[in-house]
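Heads up, the next two complexes both have chain A, just with different partners, chain B and then chain C.
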Partner chain A sequence: MQALQILIDGFAISSLYALGAIGFTLIFGVCGVLNLSHGAIMVTAAVAAWATADAWHAGTYGGALIGVAAGTILALATYALVVRPIQRSRAIPAEEKEIFILTSTLLWGIMLQEAIAYFFTDNPKTVRPLLPGVVEILGVRTPWNEVLTAAISWAAIGLVWLLIHRTKRGKQLLAAAINPRGLTLLGFELENIYVLVWGLYGVLAGIAGVLLGAFLGVSSANIGTLTASAFSVVVLGGLGSVTGSLVAAYVVGYLETVTAYLVAPSIRSVPVLLLLVAVVYTRPQGLLGRR
Partner chain B sequence: MRSWISAAVVGVVLALLPFAVGSYILGLLVFGFYYAVFAMSWDLLFGFAGEVNFGPSFLIGVGAYAAALLNHYFNTPIPLCLVAAAVAAVVAGLILAVPALRLTGPYFGLITLVAVLLLQTFIVLYSGITGGEIGLDLPDVFANGEVRANYWIALAFMSISGAILFGLSRSAVGLILQASGQDRIEAAALGYNVTKHKLAAFCISALFSGLAGAMLIFSQGTASVGLVVDIAVGVQAIIGAVLGGRRTIFGAAIGAIFLVAAQELLRPLGQLSIFVVSAFALLVILFFPGGFLGAVGALGGVLGRSAR
Partner chain C sequence: MIKNIAIAAAVGASLVSAGAALAADPIKIGVIAEESAISGVGIPNGAKIAADEINAAGGINGRMIEIVQYDDHNSAADAVRAFQRAANEDHVSAVIASYISEVVLALEPWSGRLHLPMITPGAASNVITARIKEDYDHLKYTFHGYLTSTELADIVCNAAKDQLVTGLHMQTAVVVSEDAAWTTPLDEEYLKCLPQVGLKVLDHIRLSPDTTDFTPIWNKVEGEKPDVIITGISHVGVQPTVQWQQQQVPIPMYGISSQATSSTFWKDTNGAAQGITFNLQSAPDTPVTPVTIPFAKKYKERYGIDPGYAAYTSYDDVYIIAEAIKRAGSTDPDKLVEAMEQTDHVGTIGRETFLGRDTSSPHGLRTGPGYITGLMVEWNDGKQVTVWPQGVAEGKLIFPSFVKIKQTSAQ
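This part shows the complex of A and B:
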């Protein structure tokens, strides 16, 4: 019984982790950017959904859509206002661009976090579930919302896979990840592809944020933790490897759920951190990473 | 030479400050001075050795808690606590250095981040011993809590640390570190022992971070996660160093003190104060990547050219 419960809860939370991490890994794979404002973008999307659902009478679904739109706009703004100026700057030496992007996306995330705390307080906010009620799965009472979270996560991941592998645009993304110079030589504008990737990333982060807000609730205070967990999942799976991120999301999700149920909820993150240290020491490229 | 002279002038002014301003400003500057040491130690590791350490508060926290536990439970006198803090922090630095020698870039950055999270989790988990989130009160405080003496201790510590770190960065060791940070293979090919120098950089950075952490808690009379371990502490040191101008040591100190002061000045804005400070820091990084000192240097260059 408890095993089934762990299986179901772990599956839902892992799907959400996978969705949250996949955008992060996409940005790194294609643009080489580690976006430390990731958590802030997710939380902004959730808070936008929460605020507009009641205040603007947008309703639950309208609010969710506005949340995803907010995530997308914010991701594009991050690219245009923070990342692009650094990538194009001549004053910053190329080998130091990485640390500049890390520092400035971190600052950008802090700004978003403080803005949310100022306008909406840092109290936890729970987005209204998209589907109310519970369902029995093999004798385990599961909220419909949990089932929906897993379903939407997987649908979104599936669409990304189709986009990358079955469309012309997607193949350009893949090419940009493998050899940006080659792509430029074939006459493609790299900048357009970057904008596309950031937009795609924004949609994914927005959906993940809204689902997270409905599933566990969000607060501007746990933005740092969210970014750190996405970062961990992505490094554990191998930077830039989408399959690796999916596998790692499930490892992390289940490890946390098992620890929370069988040991104590207060130490749910410890085994993950220890595993992460062990993997990075012994296999720095991650579970499925390329070097 | 010029930077030594200007540093000395600033030092004299700061030393005379307690006769001019109230205890509120002095208390604030005490914070600023210890943060300045955090930022300078970080700058040695990043600016010179090229190691992106996201968790300076791991080194700070290990030093601070080693001192706090000894003082709280065994009433160990402060000097012995500080020695223990230095030893513990150097050991922590070596623990970080081992992966740093094998990993690069984001991987090493993540390890340092995880180190902070683990330290924080364990302190909260064993809150029976460590005081957890609430913190640990210390029986001993610097100069029995007298504000001026406390200020001078902090100032002296920052000046000595700054002089050592700056001298080191301008020495042959600093140059070798800079070379191995920029191109490890070439530095090794020139016959320098990269591993040895990087290990040394980690130990020195850890030594000063840990000592500063321990001294900070003795100036406040309490040790808590929010004061010395939280990721925000480390982030503030990093932002200070980048803001002031990386690879300058003195710039890191200026940036860190500026951050502490700016947040206090903007306190009337309430929660928006951190927003404004972060936005300002972001603008400086985007438009003046050299930080304060870089901007001053560029300005000096322009003025010098127009004078000629």
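This part shows the complex of A and C:
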């Protein structure tokens, strides 16, 4: 019974981690950007969904859509206002750009965090569940919302896979990740691809944020933790490796759930951090890393 | 000649005006709190209402009260910097600080070093007063303007005895509390007083204050089949409540849940708060004392929401400080401390008096009949309804339909 509970709860939370991390790893793989405003974008999406569902009478679904839209717009804004100016700057030496982008996305995330805390307080907020009620799965009472969270996460991940592997645009993304210079020589505008990736990332982060808001609830105070958890999933899986991130998301999700159930809920994240240290020490490229 | 007279007149006039300014110099009270949290922002907001009332009535011996606000972002380091600034640059006469025990404990030695009287309207750790007991001469500048965790646990136990044991024939409980400074003495007292009132404690779960996924905790609790979950939570609140409701945990939650005291809790949880019962010392519609309801009304008019729990006590604290300054006839810290010790003020949460040096918790508030008795309040249909004690209760406990109260034990 408890094993089944761990299996079901671990699956839901892991799927959500996977969705959150996949966009993060995509941006790194294609654009070489470590986006440290990731948590802020997710929380903004969730808060937008929460705020508009009642205040604008958008309803549960309307609110969720507005949340995803807010995440997408914010991701594109992050690219346009924070990342692109640095990439195009002549004043910043090329070899320092990476660190500039790292710092500026971090600062941007903090600015967003403070803005959310200022306008909406840092009290946690929960998005209305898309499907209320519970369902018995093999005798384990599971909220429909948890089932839906896993289903939507996997649907979104599946769509991303199809987009990358089955469409022309997606193949360009893949090519940009492998050899951006080659792609430019073939006459492709790299910037168009970047905009596409950031848009795609925004949709993924938006969905992840709204689902997180409905599943666990969000607060502007969690933003740092959210970025850190996406970051550890991605580092564990191997920076830039989508499959690695998926595997790592499940390792992290299940390790946390098992710890919470069998050891103590107060130290649920400790084993993951130990594992992360061990992996970075013995296998710095991550579980499935390619660089 | 005319020129000299003019100069003399000017000098004289400026001297006179300087003298007048001195007499009307405001008395400054510093307020340090986390302003982006609902419980935190209530502290300066409540204080400002009290200051305006006192000023409208002529101030303290003609001097107006000025509230100087500092945001500590829930950080002890920021709070200490704010406290130093309040003492050394802004020259405040007293400070009202924070609802977080960790922050207050960091400020306590500074209050002693800088000889600046400080009162906390919301922290609960017993250590605050225990330290004053140990080192009264140095730490006497700190006052505990809220109940200690032990007192809070006792109120919950008394209420549980009436409502749960006598009323609903419950027999067992699981204590769920967050791992923080204020819950150590709280849990200690829960484990002692719950069995005394007839609730056997089946398990005691401490959770990390940054827990976001409560599913494993609720599943574990449900497996232990207690009649009630006794809570001690403050840093968390919205999330465990929502997950409790989504998962339809069939056991009611009862105890201390600070986030539930905020009037936005219903909206933050999308109504999942139905049936959550928690301790408050005052509620917006409950006449705990004659000043409770007028204050809550004024607060709502001015800020659009009901006051959080620390807003009530912060409002009272300004009065306690103002009355003490009046009694002392000065803002000299030692005289002020002496006068504050003589406090006997009917505030929003009851009759407020401080325990003496000879007690186990000097400068803590006196509780019990005739002083502060506490309330239990339940979220019901978007409203906070007082359900205990009987004299002021407006309704009975109503739990959501998924909560199953064992009827068998009633026989």
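Keep in mind that, in the parts below, the second predicted complex is superposed on the first by the 291 of 291 C-alpha atoms of A that agree within 3 Å, B and C clash if a C-alpha of one lies under 4 Å from a C-alpha of the other, contacts with A are read in each partner's own complex, and residues count from 1 in each chain.
Here is the rule we use: a contact is a pair of C-beta atoms (placed from the backbone, for glycine too) under 8 Å apart; a residue touches a chain by one contact, two chains touch by 3 or more.
From a predicted model like this one, the values you see are computed outputs, not experimental measurements.
Once the two complexes are laid over each other on the shared chain, residue contacts for A:Q5 go to chain C alone; chain B is not touched. In the superposition on chain A, contact is made by A:S104 with chain B only, not with chain C. Legend: residue contacts after superposition of the two complexes on their common chain; A:I267 is shown touching both chain B and chain C.
When both complexes are overlaid on chain A, the residue A:A91 reaches chain B alone and has no touch with chain C. Using the contact criterion defined above for the overlaid structures, shared-chain residue A:Q172 touches neither chain B nor chain C, since it reaches no partner. Of the two partner chains placed by the overlay, only chain B lies in contact with A:V280; chain C stays clear of it.
By the document's definition of touching, neither partner reaches A:S14: not chain B, not chain C.
Once chain A of one complex is fitted onto chain A of the other, the partner contacts of A:L34 are limited to chain B, with no touch recorded for chain C. Of the two partner chains placed by the overlay, neither chain B nor chain C lies in contact with A:S153.
Chain A residues 117-118, 266-267 lie at the interface with chain B in one structure and with chain C in the other. Those residues of chain C lying in contact with chain A across their complex are 36-38, 41, 179, 205-208, 210-217, 219-220, 223, 236-239, 242-243, 246-248, 259, 262, 264, 267-270, 272.
Only residues 46, 52, 99, 102-103, 105-107, 109-111, 113-114, 117-118, 121, 125, 182, 231-232, 235, 238-239, 242, 270-272, 274-275, 278-279, 281-282, 285-286, 288-290 of chain B touch chain A when the two sit together in their complex. By the touch rule above, chain A contacts chain C in their complex via residues 2, 5, 9, 13, 54, 117-118, 121-129, 132, 134, 141, 143, 145-146, 216-217, 219-220, 222, 225, 256-257, 260-261, 265-268. Of all residues in chain A, those touching chain B in their complex are 34, 82, 85-86, 89, 91-92, 95, 98-100, 102-104, 106-108, 110-111, 114-115, 117-118, 224, 228, 231-232, 235, 239, 266-267, 269-270, 273-274, 276-277, 280-281, 284.
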